[in-house]
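Common to both upcoming complexes is chain A, partnered first by chain B, then by chain C.
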Partner chain A sequence: MDAASMNASGAREGKRLAPGRVAVYALLVLVALYYLAPLYVMLATSVKSLDQIRSGNLLDLPLAPTGAAWGKAWDGACTGVRCEGLRPYFWNSVKMVIPAVLISSLIGSLNGYVLAHWRFRGSNAVFTALMVGCFIPFQVVILPMARLLGTAELANTTGGLVLVHIIYGIAFTTLFFRNYYVSVPDELVNAARIDGAGFFTIYRRIIFPLSLPIFMVCFIWQFTQIWNDFLFGVVFGGSDAQPVTVALNNLVNTSTGVTEYNVNMAAAIIAALPTLAVYIAAGKYFVRGLTAGAVKG
Partner chain B sequence: MAGLSIRNVRKVYPNGAEILKGIDLEVEVGQFLILVGGSGCGKSTLLNMIAGLETVSHGEIRIGERVVNNVPPKDRNIAMVFQSYALYPTMTVRENISFGLGIRKVPKAEQDKIVNRVAETLQITHLLERKPGMLSGGQRQRVAMGRAIARDPALFLFDEPLSNLDAKLRVEMRAEIKLLHQRLGATIVYVTHDQIEAMTLGDRIAVMRDGVVQQFGSPQEIYDKPDNLYVAGFIGSPSMNFLRGKLVPDGAGLAFVLEHAGQTTLLPVPRTARLAHADRDIILGIRPEHVTDAVSARQSAEADGYHPTEVECLVEMTEPTGPDTLVFAWFNGTRATCRTHPRAQAMAGLHTKLAFDLSKAVFFDPATERRVELDR
Partner chain C sequence: MSVSTVPRARAPAAEPTPAPPSASRLAALADTWLPRLVLSPTVVASLVFVYGFIGLTAWLSLTDSRMMPNFEYSGFGQYATLFELDRWWTAARNLGIFGGLFILACLSIGLGIAILLDQRIRHEGALRAIYLYPMALSFIVTGAAWKWILNPGLGLEKMMHDWGFGHFSFDWLVDPDMSIYTVVIAGVWQSSGFVMALFLAGLRGVDDAIIKAAMVDGASLPAIYRRIVIPSLRPVFFSVLLVLSHIAIKSFDLVMALTAGGPGTSSDVPAIFMYQFSFTRGRLGLGAASAMMMLATVLAVLVPLMYLETKGERNGRR
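Then we have the complex of A and B:
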């Protein structure tokens, strides 16, 4: 038997499932099911009627799927005394998350550009300080932040929440962008300086166009953080600017005699959908952005 | 008229490290200045200071008649070609070349005219709409030069522009840079670690080491009369041979004591040498082409009147290069490289006769490592 045919038979053997392979796949499927089961339960429960939920098994398929619970979760369910569903709070979250993500990413990008390419005396200290900012727990800043927002008359407003999230996000976004921009060769910036470009022209014409992958990483990260935030939302959101996470909590905890599991599940999925959508839309850049090392010149 | 003058320029970093220790250089308009030296000699720092990318700690840099110490890079009327080319990756070749023009508010029609002319000069017209990522190394190199030429600056700065190219392309581009210089008549400062690039391109060469200019002169001066051992060893390939020995009186003049294959021979030093140098320890610096086979030596002797001394030696190894065969043999405890004609047919392990032509040799003081003028 020559080498080629041996290889070929080896490949055939590889295609047939060895017992070890079967075990690996079985384990993977099991783990996948384990992770997907809650999602299934949520989805199935959200389209079941309350009767079926009360009588049936948790894992049963819905007998007569209905969107009623979704409708109620969206604009009928009670969150505390108001019974408008998640809708107003969902838009609160959208109004909060979009400016907060965009502005914190842009500031992070400029910070990263400065720290990577316009080093100044003490720039390393600034960078270290920003790094430390990544590790400050939310709880620590609540009281001073509350005072600050009160003084600025931004308490209980979406604007105030945006400000909090921007400030809190700068540490992370700066870290992301700085680490991405250090891989952009200094020579590129020097060439542009000699060509006559200034600080912002270099950013706008040279650096920014290179930044799409890292912006995507930043968007995903910041969007997830800000959208999912509960603590700042509940503390600084007041009653008018409450984000959807706080409303979801209120919705689930508001008791009108019967616990409407289907509505709760639908509401939870609604609250989670945007982050999922962002991942799906920008996910391919996520890995690319995190692993992109050298910018080929 | 001075194209560039550098007067007592020093670079000291805040941590106290002195990178440049007082540099004085001056070139005329249209001259090609080479800064050459090993890594860490400060040549790139000096170039960056000329460009304005690094500050000048002390001293003065003038471009033309203007002191530019505190002038930002964009106002120095310079263009720079970087080692990594530093092409803007998101722009096409055309945009890369016109970027600096656009910033300087050159009208669009004028820009197009300049880009087209430059592209034609460098034969990159067909590449104008491509992005740098789609170009080969040599093409990127051309674009980087095009970007510099488009600016029509008073001073071109080249930072090791050929070191990322393969050997063949490097020789081609070297010739192109030289032709370009002849055509444009521009003043150029060119940093390299490659002594062949330095010799072939430069009008003036500054050999640098540890932040000090070791020698500043024309390529031929530096080749023929190196100021010290470092310059002598750095310039020229294969390197100059350094033989440690003694000068002794020999008849009316002086001679160098050569030990070879167990014997001792006196090599007469040219007649102008003063007798005061007798009995002095000395290092004889002699280039490989001046230790050659007897036939070649006789031919060159007829040309310049000095009679090379033939000595017997044992060939350790040979390296045929085609036009020459390099012969390695031991003299005064040093393995010397000698350039012979292939017809001499030197063979490893056999004895052969080599002739020393001391008329072009140089001498160095073993203690100071500086060149000694024997006629002074």
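Then we have the complex of A and C:
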């Protein structure tokens, strides 16, 4: 709805802006600055020298911008005991996120297809039971999971993390696809069945080609969730498969030596870049995923 | 689960078939069983890794497991210990403070911006993108950024001093009485844009005709929002509350990155309590008990909300 358009038929005809409108814009811009300020501070700090950081203040422009902190954050800074920067952990995250996103989305798609178009007795109950997985705090499953991964020798491996992310991501991906496929008319599927098409043929020929938008939403949602995850990473990642979020936390919270705020901020931006890039490139799908995830209730 | 109980669909296949099954019969059989087959790994995974593991955690909380799990029942001792620990109550109180303020601030900021953005704003898309980008960041990144901004020596405080406000002091990050509020500040920065997006979507769904009618009747804009628009957003309020309380109860990474529960244990929350007792202090039983308390909290918040929401839907349906 759009109240202003109606209220302001008079005001809009006059060319000058009404004071109320000016206030609205001013407020919106102010709020925008509030959201942008931390990003600016991070960027500016990351290219400042430590001297300028100590002598100047947060909002100062960098006097002599340098990429040194970025280099150090990428492959020199110490996170805990190792001093290789974020690089190895960044690649750990990449190796973890790609298979986890692809597999959980594909499974979710097939599940959603079944739950939307191949209902059987009890399938709604199955759906409801699966959705509980969206709501539980993961703390309530990590202790047995740690034990299981340990026994299966998957603890501290990227494979173990991929597995965990798939298992606990399926509830969301199934929800996304099921809600999307429900809007595909049953007649389409039934007509294909009468023509003799089977379960997988219908999926391949009819459903899958319609699924691009929802795959985008699902990929982006899962990518953001898994890349940004900390709990599973810190519990199951150990030191070898540690994802970038855990390394960043170790870097920022290392209390030995001088805190290099510029390195910390460069590292924070590096850890945020992939999801930020996805947001900038495909914000539309990102928002759709968020709202779809929110209506899950 | 009820996957195996499918009498209606199984009936044709179960009939005695004297002739060898024809191709079409095979196909029908496949169509009956393939969907269940495809769904079954997920169902099994959910039974084991969600329900089974919750059961195991519950059981673990009733044992006296320390470093290694043991499965010998020993009663509710862990819960008794938990409720006697000051640290647990600090964590619980902090969750209350953080959750309450976080939800309240996100709701009012989110709704406020959504209403402002709904006034035919130029460049609305760009503004929306700016309000929402923090949601793409990890809570660890948000925590790291705000830890620097709120740094008592070099952050906001120094900036205000440089600007001539010599007495400005802001040391909440190292003040045990105030540290939990820094978590609120950072959390609201990250999540309020998301609430805005949900409310804006809701506002776009409000029927213009009702507003026009109210306009004709001479109602003022604020009155229209207060009496008509905002009440009609009831379902959005429910989803927002649901999501925000969920974020609040689970919040772990933000606190880890921002304060790590400190100074001391002053900004401890149940998720951090659970992590530390389970994985760094070797008190698995106590960790399991605190995890069960977190689950109970989620249920205590979500179940009434979902009940109210479905009830509202039923009443509202025409």
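Simple rule for what comes next: the second predicted complex is superposed on the first by the 266 of 297 C-alpha atoms of A that agree within 3 Å, B and C clash if a C-alpha of one lies under 4 Å from a C-alpha of the other, contacts with A are read in each partner's own complex, and residues count from 1 in each chain.
Note that a contact is a pair of C-beta atoms (placed from the backbone, for glycine too) under 8 Å apart; a residue touches a chain by one contact, two chains touch by 3 or more.
What you see is a predicted model, and the numbers here were worked out from it, not measured in a lab.
Applying the document's definition of touch, where does A:196 land relative to chain B and chain C: first, second, both, or neither?
both
Going by the touch definition up top, name the partner, chain B or chain C, that contacts more of chain A.
Partner with more touched residues of chain A: C.
With the two complexes superposed on chain A, say which partner A:188 touches: chain B (first), chain C (second), both, or neither.
First partner only.
So chain A touches chain B in one structure and chain C in the other; where do those two contact lists coincide?
Correct list for chain A: 193, 196, 198, 295, 297.
Which positions of chain A touch chain C when the two form their complex?
Counting only chain A, the residues touching chain C are 1-8, 21, 24-25, 27-28, 31-32, 34-36, 38-39, 41-42, 45, 53-54, 56-59, 107, 110-111, 113-115, 118, 120-123, 125-126, 129-130, 132-133, 135-145, 147, 167-168, 170-171, 174, 193, 196, 198-200, 224, 227-228, 230-231, 234-235, 245, 248-249, 252-253, 261, 264-265, 267-269, 271-272, 275-276, 278-279, 283, 286-287, 290-291, 293-295, 297.
Sort out for me which residues of chain B touch chain A in the complex.
Residues of chain B touching chain A: 48, 51-53, 72-74, 78-80, 82-91, 99-100, 103-104, 132-133, 140, 147, 151.
Using the touch rule from the top, collect the residues of chain A that touch chain B in their complex.
Checking each residue of chain A against chain B gives 185, 187-188, 190-198, 201, 205-206, 209-210, 295-297.
Which residues of chain C touch chain A in their complex?
Against chain A, chain C makes touches at 1-3, 5-9, 24, 27, 30-31, 34-36, 38-39, 41-43, 45-46, 49-54, 56-57, 60, 69, 113, 116-121, 127, 129-149, 151, 154-156, 158-159, 162, 189, 193-194, 197-198, 201, 203-208, 211-212, 215, 221, 224-225, 229, 238-240, 242-243, 246, 249-250, 252-253, 256-257, 260, 271, 274-275, 278-279, 284, 287-288, 290-292, 294-295, 298, 302, 305-306, 309.
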